[in-house]
Structure formats: C-alpha cells, structure tokens
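Have a look at the structure below before the remarks.
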Amino acid sequence: MSMAVNRPRWTRQLAGLIRKDLRLELRTKETVMAMVLFSIVTLTIMQFGFGTRDDDLTRFTGGLMWVTLAFTAVLGVGRSYVAEREQRVLDGILASPVPRVVLLAAKAIAIVIYMAITELVVIPVVGIFFVKGPYWDSIGWIALVALIANVCIALSGTLFSGLALFTRARDLILPVLFLPALVPVVIAGAGATHAVVGGPHDMSEYRGYCLFLVGYAILFLLVCIATYDAVFDD
Amino acid sequence: MSMAVNRPRWTRQLAGLIRKDLRLELRTKETVMAMVLFSIVTLTIMQFGFGTRDDDLTRFTGGLMWVTLAFTAVLGVGRSYVAEREQRVLDGILASPVPRVVLLAAKAIAIVIYMAITELVVIPVVGIFFVKGPYWDSIGWIALVALIANVCIALSGTLFSGLALFTRARDLILPVLFLPALVPVVIAGAGATHAVVGGPHDMSEYRGYCLFLVGYAILFLLVCIATYDAVFDD
Amino acid sequence: MSACGVGHIYGERAAVADVHLDVVAGERVAIAGPNGAGKSTLLRMVATLLRTGTGTLTVLGEELPGGARRARCGIGYLAHDPLAYLDLSPRQNLQLYADLFGVQDADRRIDDLLERVDLIARADDPVRVLSRGMAQRLALARMLLHEPRLLLLDEPHASLDAAGTALLDAELATMHADGRAAVIVTHEVERIASVADRLVVMRRGRIVVDEPVAGRGPAQVRARYEECIA
Amino acid sequence: MSACGVGHIYGERAAVADVHLDVVAGERVAIAGPNGAGKSTLLRMVATLLRTGTGTLTVLGEELPGGARRARCGIGYLAHDPLAYLDLSPRQNLQLYADLFGVQDADRRIDDLLERVDLIARADDPVRVLSRGMAQRLALARMLLHEPRLLLLDEPHASLDAAGTALLDAELATMHADGRAAVIVTHEVERIASVADRLVVMRRGRIVVDEPVAGRGPAQVRARYEECIA
Amino acid sequence: MPSSTTDHASRRVIGARAALIWGVIAAVLVTVASVGVFLVAPEDADQGVIQRIFYFHVAIALVSLVIFAVACVAGILYLRTRNVRWDDVSVTAIRIGMLFSVLVIITGSIWAKASWGTWWVWADPRLVTYLIVVLIYAAYFVLRSSVDDDRRLRYSAIYAIAGFVSVPLSFYSVRIAQSFVHPVVFTSGGANMPGSMLIWFLISLAAMLALFIALLEVELVGRRTERALRALSLRLESS
C-alpha cells in the first residue's frame, strides 16, 4: 500500500487541542471558577488554622500564598485528563498522528492559563487580607515569580498527570507524585515573595529564587522532552 | 404478578458494601498509603511555607495538623464514588433494593476507617517534628478529638461527594463544597489540640471545642438522613 | 408490569411519550426501533432508575416510585454497560450483588452461574482485563443472580459469541414455563422470532406496533419491522 | 498491512500469539472467533495503540512502532467505545479530529459526514445525551473523516439500527473500487458474506482458518464458522 | 540447544559470579574502613568521638546521590532499549538508595542531636532539600505498585528520570544558598579537611560504593533467577 495522504501540521493540531480544552471548559464552566473558589477557601482555612494564634501574618504571606497555589495547582492539574479518562476517548487521540509532545504542550498551555486566572484573584486577596505593610508596589515582582512558577507547574504537572492517568488510584497518586515536585516551587515562590513584601526589597535574594525557578523549569523541560513520548507509548 | 421473593436485610447489604470498598482498597492498596504519604507531604509543604520564617512552630501545631487532615479528607472523600462513576456501575447498585441511607452509611464507615489510619501516622509525626514541649502525655486527648472530628468529616463528606457525583466537575465541586464545611472542624480541632499541647492543659476550652464538634456531627447526621434519599433519586 | 401513558422528557425533548404497555407473567416482549426511539429510556424507567414524567407505571404489582424498593427485588436489569467494578473479580462483583439482593446460599449460586456463563476459569481476574464479550457474560450472570421475575435486557446479544448467544436464548426459552417475564430491546430483528412472543416497535418515543410474533419466521418478522418503520 | 508472527502477552496470558495475516489494497477481511480470542487485541496492535510483543507488523508500508505516526494518518479505527468527548457536540468532536488529522476543507466534510450518518439534526447537542446508536454513528463519521486507506472496525454493527447498518454496509461495498482495505471484527457471522471477501477465524490468540468467502451465502459461512470453532 | 550451553548461558545472564566478587570486595572495604575510622583516624578537636560519624554520614550521603543518578541513567536506557534488565537496575538502585538515604537521615540526626542539640532543623536547606529527595523517591514505589505490566516498567523509568531533577537541585542549592547550620566541606575549591582525615574518608567512600554495587548485584541475581524460573515454568506449561 502506498504512503498515507495528508501530513497534518503540528500547529493546527496544537490549536485544535487547546480549542477543545477551552470548549470543554466553557461548557462545564465551573472549572476555573471552582479553582478560584478553592484557593480562597484554602486561604480562609489556613487563616483559621494559623491566624488565630498570631495576629500579623505578614511574615507568612509568601508561605500562605504559595501553599495555596500549590494545592490549587494539584486540583487543576488533576483535571487535565479527567475527560479523556472517564469518557474513554484517549484511544481516539492516540490513534491520530499527533506527536505526543504536542499533547503535552496543549495541556501545559491550558494549565498555565488556568493558573494565571487563579493567581489574578489570589495575589490581590492575599494582599488585602494578610499583609500589614507595603505590598502593592511590589505586585509586579510577585506577578513575575508567579509567571515563572506557572511554567514549572505546568511542565511537571502535565508529566505527572500523564503518568497518573492509568494508575489505579489516580486521584491520590497525582498529589503524591506532584506535591513533592512542587515543594521547590513553593519554597522559591515563598522566598521570592517574602523578599519583596512587607519591608525593604531584597533584590539579590529575589533574583536568586527566580533563577532557581528558571533552572527548575529548564530541567523539567528537558525531562519532558526526553520522556513524554514514552508516557503514551503502549 | 406476585410480590418479589426475598427481602434482603440491611445489615447484610451494609456489610457487603463495606467489604466491597475494602476489597477495592486492598486491590489498589496504595489508597491508604497514598493518603498517609499525602498528609506527610502536606505537612512538609506547609512547614516549608511557614517553618523557614519561624523556628518554633509549637503554637501552630493544631493548625498544621488540622489543615493537613482537612486536605487529606478532601482527597480521601473525593475517592468515595470514583469507582462507581468512572466504571459506570452506579446504575447496578441503584437498581438493587438497597436503601439509600445504607449506601451513605457504608461510605461514611469506610471514610472513618481511612481517616483513622491516616491520623495514626499524622499525629505522631506532628509530635516529632513540630512540637517543642510536652505532647505525648496529651496524645489520648488528641485521639479523642480526632475520633469525633472523623465522624463529622465522614458524614458531611459522604453527603457532598454524593451530590458531587452528578455534577460534571466533580473533582472541583467537592473541595469547594466540602472544604467550607470543614472550616468549623478545623477551627475546633485546632482549638482543642492547642488546648492540650505544648503547655498546661486547658480542659474547659478543650471540652468546649469537643462539644461543638459533637453538635456539628449531630447536625450533619440530621441533614444526611433528611436529604440522602433525594440525592440518588432519579 | 404495566405502563399507562408513560412518558419522559429530557429538557425539551420528549424521549418517551404516552406509552401503554402491559406485560404479563410468562411473556417475552421484544422492543425494536430506530436509534434514539426511546427504547433504553423506557427500560430505565421500568428498572426504577428514572422517574416517569407522566403516566403511571406499575412493576411487579408495585406502583412506582413509591414501591420502587420492593419492585427492585424482582427485577433483573441488563444495561449497555456491564455495571461491574473493574478492579474487582467477577466473583467479588457477584458477591456484592448477592449481598445487596439478599441471595440465599450465595456462594453455591455464584459458582453455578459462573459455570453457566463459562467464566469460571476467569472468576478471579479483575474485570478490567476481561474481553468485552466476557464482561457481557458477567453482566448476564449478575442479572440472573437473584432469580428475578422480570428481566429487562438492553441489547443483550451485543458482543456475545455463538456460545454466549445460545446460552442467553436458552435462558429466555425457559421463562415461559416459570411464569417469569422479559422485555428485550434489540436491533437484531431476525432474532426476535426465536426469543420473544410479542413484537413492539417504537418510533420517536411512541409505540407504533404491538403484536404477537407467534409462528412467524425471522424473515417475516424482519419484513414486518421494515414495514413499520418505513 | 502485513503481520508476521505477531503476538502480545498481557502479564502471563498470551492474548495473541504468532499471527500471520496479510491484507492487500481493496481487500475486506472479517475476523470472527469466540469471546476472548484476541480479536480486539490484534486490532489494537494494528491501530498502533498497543506494541507488539513479538513479530513484526507493517501497516500501510510503515513498520511499527517506528513508522507509527505516519501509518496513523491512513488508519481509521472504530473501537468498542465511541471515542468522543461526551461534553462536546458531534460537530465539535469532529472538528477536533479534523485538526488532529489535518483534514482539508474540514467544515464541508464534517457537514457531509453528519448528513450521511443522519446526525445533522443532533449535531450541536452534547454527545452525552445521544442514544447509544447515535454515538455509534458518530464513531462511524469520526472513523471516515480523514479518508483512511485502512479501516479497522471492532464490532461496528453493535447498536446500529437497520438504517445505520445499511449505511455501513454501503460504505464497505465501495472499498473494493478505491483500493482501500478493511479489517472487520464481528460476532454476527451471517453478515460476513455481505461485508467481507475473506474470513479469518481466531481461537485462543491464534488464527485457525483464513480463507475466501467469495460466492458463499450467510448460511454457508455460518456453517463453516461453527465447524472451525467446534 | 545442548543443556550445558543453556546452563552456561543462563548462568552468565544471571550473573551470580559478579555478585560474589563484589560481595567480597565490599566486605573487605567496609571492614577496613570501620577499623580505620574508629581506631586510626585522628580525633576531632572540637567535637570528640561523635565526629567519627562523619566518615559514614558523608560517604553514605554522597553515594546515595550517586545511586539516584544510576537509577536515572538506567531509566533512560530502559526507555531506549525496552530491556527489562535496565528496569531491574533502576528499581533496585532506588530501593538501595532509599535504604541509604534513611541511613543518612539517621546518622545525620544523631550527629545533629549531639552537636546542634536537636534532631532536625527545618530552616536548613540541606536537610530540607534532602528530605524532598527522599519524599520524591518514596512516591516512586507508590507509582510502581499502582500500575501493571509494561506500563509499570515504562512509568517507573520515566519517574526515575523525572525524580532525579531533585538531586542536582538539592546538591547545588545548598552550595549556592549558603547553608543555615549544615556544613559544606566539598566546594569548588576542594575539600576543606586535613589529609589524614581525607584518606579515611576516601576509603569509607569506596566502601560505601562497593557496598552499593554488591547489594545491587545480589538483588539483580535474585530478580533474574526469578524471571528465568517463571519463563521456564511458562514454557513447561505451554508445551
């Protein structure tokens, strides 16, 4: 038999996959809304857990913010392949000539978008409720860390959610795989936030943490490129 | 046509359902293990968020412990109906003559068991890593609060996971409905723990929080009995 | 069972409308009809899984929804999906259902059934790794477990091989004698002559034909069916 | 496609063992066999969804697994499940697959196909609310979307009504002329005479018979099949 | 095939002899190191006898990082070749790595209790990042136990690679971020210790490496034998 006909372009495949994710999101709508709600509830619950013992939580701002974002990320990433799995459609995608790395990229982009929306709410809320002292002038710096961190989260998140996809207790496996990988992000994120919040900016510390995050993202990018083909390769 | 034959006893149904849950658990085994690991990872991650800024976390012991347990509960409860939903078996259960309240009870009991196992690990770990000061002599009191709290968690958890079962974004709805319901549990749990840890026991405060939890459990029991039949009623 | 003016509306689409259908003990009724005619929806209502929107539905002498729990004891429902936990073995799945239905002497009965559907060699593998036809056999065993007096079968022949089909047909053949009843939804019209006493054709949520098939051959039934849906 | 000594072992169970099968352009091969014979497993390997454990498999001139991506462009795979997102509409699902396969002039082609499988009226409802047969029609449309040169069909007639079946059979009838090939797994042995040129019977993971069916009638094919698996 | 060649071939495949040789080397080196560390090496002026734990703590710690690197490389090789033997190496290495890292934490904690007066310091990046490494590799076993067949091997390999990201991060972050209390001896400028200590330290290091290789070989022999037996019984069954 002769060669197959049309060689699809990966840009179109990527766009198609992202459009699909966003359409599902629009149809079920509550995903992003619930991520936002969840992060606010988490902040509240931590406020109750810690705040009652200590009135000024400024010192803990970074920690509160990034622990919350980490848990929200676990939640959001946990949904990445839910539709594919529950509705048994993955075989259809895998039987199409789409490079596995494009699948990864599409999911990663969706995660970055969802996380960014969540942060758009969380970062101001933290500022309003927890910080006593200067905050708003450093919001640009915080946004920058968040941006880099989102890339880390998206890269590691897609990889691990791809792995968790066919494990038996997926809902539990994912946080167990993913949270430890997020610990460095939490530390660096909290550190960087702390460096610019509630007092004089410590830019050298801030830069150090940001570089750390960039390194982490690069390392994970390499891992993803090296392994992602194998994730879906039966 | 005449009446149907055997009227099954609800005790046997309950036992059968619990056995099924535990068998699934044994087969996939890592569920409890993952809950335990998750709680440890959560403790660690919160430690990173806060510990690096404050060396003695004794004041926050209760908060750390109960925030961790709350998240673990969300995770564990999230699994309650995963098998039924993903594997499309719920119709089989619902087409059998089992009272809906028995379904609730079976799930609730399974959750209590899983939570108890998790606490068996979390409570000592917290003692080892976070508390500077007396802890082990009040471990019995902590266990008691945990027991009462587990009942609250199980009752509200089954109800909400039953509700979430039929909404599309289950993974997100559950934490968003369930976490707020856990806020009182976290406050009371943390308060009671704080009353007996790291200093002289304050038994009247402890008793107050415990009574609050008992009240909360009773309240939820009533809500469950009143609404559960409606949850599964198509 | 007896349905009187039964209907169900999803959103704004009437999936089933004004259906009148009586099935007496010992009778086997086949329901056929184009895709989307409302056959599965009707079956789900009789199986007490979906409330009727209009009309009254009486199953095994119990009026729904009030008597649903009692009716369920006597209903065997076979759905599109096998309704089994994929991570449990066939035997464990049947044990669960035995508990739920209060089956007496469960272990013996489960072994019997597994033998009959030829799954005994795979009785302890997780259902996840069974082939599609094996899962369908398990669904058959599950349906028969509690000796239901009314069988509701939604495309029961799907994925069954020759042996499985023979088994199912044999089971349906004995129903007459014990006074049990069956409602069989199927697209394999040729089979109807051998598995049912009555043919009901549905179209767009309504019953358009309801007549006995006694004495007709497969080709005649097929011809009659095509006439109905033309 | 050409399979040479192909096998796959799940854990310790050989689902498919030492299969030799050649399908040339324009040929339609039906695979039949008892439940659990390994038919679906074989099909999944040809569809590049499962790696072969042993042997070499060449599909559309590409050796697997190396050439899998190129081979996929020309394969149309119809599985037990419809492989569609339940919360998207049929049209949106087809749009996604059109992007993945790089289909030219996608919108027109999608409308055409929806028309052909008679889903145009439901093109914008979520797949979740479609009946089982409608979902199967959507799966048909999805499979044909990118004009594959090799069709792999796993029990394609399941849940289809008379009209749907006629549609599928008509599609299969044109294959010969355009030099496309098809492998059809089915339990409805009587249909084989009309949809296939060759009958392959599998048992316990092996091919036991592989012969042309040209000129035989349904009854003859059925008799031959029963002889094979006896 | 004549049975003697089969025997010979399978023995080579199983590799029992290599295990034996490495076992002997490890035993000798560990004995020498123990004797040297406790009887010969000079006593630390500030810390006294507890300082001797240094030789083991640091050697085990460094080797544990090497082990995880081995697991990562074996994972890459598995994905390349799909040969089960590489999965064996990877999983066994991580098992031993976990054992070693628990030993690191135990020896470190004992030392910490003696010299810092506490079992654990949360504010120290060395301790904390190492704990992350341990947690990450603990999750490896959860992942492994919850998938079957080919997927198990593939996922394990992928995770062995992804998990390794934490190791260089942990190693370098300490050197960049300036540890809180935990000492850093080996810097880009070399080792900051007297020669007499360095010799015994190097011997301990060699001993721990040999111990790792010996344990690895023994485990591998066990796994290969088991697999050979299973293949044999399967062949007997089918024939």
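Note that the chains take the letters A, B, C, D and E in the order they are written out, and that residue 1 is the start of every chain.
Criterion: a residue touches a chain if its C-beta (ideal position, glycine included) is under 8 Å from a C-beta of that chain, and two chains touch if they have at least 3 such contacts.
Bear in mind the structure is a predicted one, so any value in this text is a computation, not a measurement.
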item	value
Those chains which touch subunit E and also touch subunit A	B, D
Graph separation of subunit A and subunit D (steps between touching chains)	1
Of all other chains, the one whose Cα centre sits farthest from subunit A	C
Inter-chain centre distance, subunit D versus subunit E - centres from mean C-alpha coordinates, in Å	49
Distance from subunit C to subunit B - Cα centre to Cα centre, in angstrom	39
Length of the line joining the C-alpha centres of subunit B and subunit E, rounded to whole Å	38
Length of the line joining the C-alpha centres of subunit C and subunit D, rounded to whole Å	28
Junction residues of subunit C, two or more chains touched	87
Contacts with 2+ other chains: residues of subunit E	128, 132, 135, 139, 142, 146, 150
Sites on subunit B at which at least two other chains make contact	27-28, 30, 34, 37, 41, 44, 48, 52, 168
Category of the chain touch graph - line, ring, star, complete, other	other
Pairs of chains found to touch, sorted by chain label	A-B, A-D, A-E, B-C, B-E, C-D, D-E
Residue ranges of subunit D in contact with subunit C within the complex	10, 33-37, 40, 80, 122, 129-134, 136-137, 155, 158-165, 187-190, 225-226, 229
Residue ranges of subunit A touching subunit D (in the complex, touch as defined)	1-9, 12-13, 15-17, 19-20, 23-24, 27-28, 83, 87-89, 91-99, 233-234
Touching residues (chain side subunit E, partner subunit D) in the complex	148-150, 230, 234, 238
Residue ranges of subunit D in contact with subunit E within the complex	10-12, 14, 51
Residue ranges of subunit D in contact with subunit A within the complex	1, 24-25, 47-51, 60-61, 65, 69-75, 77, 79, 81, 83-88, 92, 95-104, 126, 142, 146-147, 149-150, 181
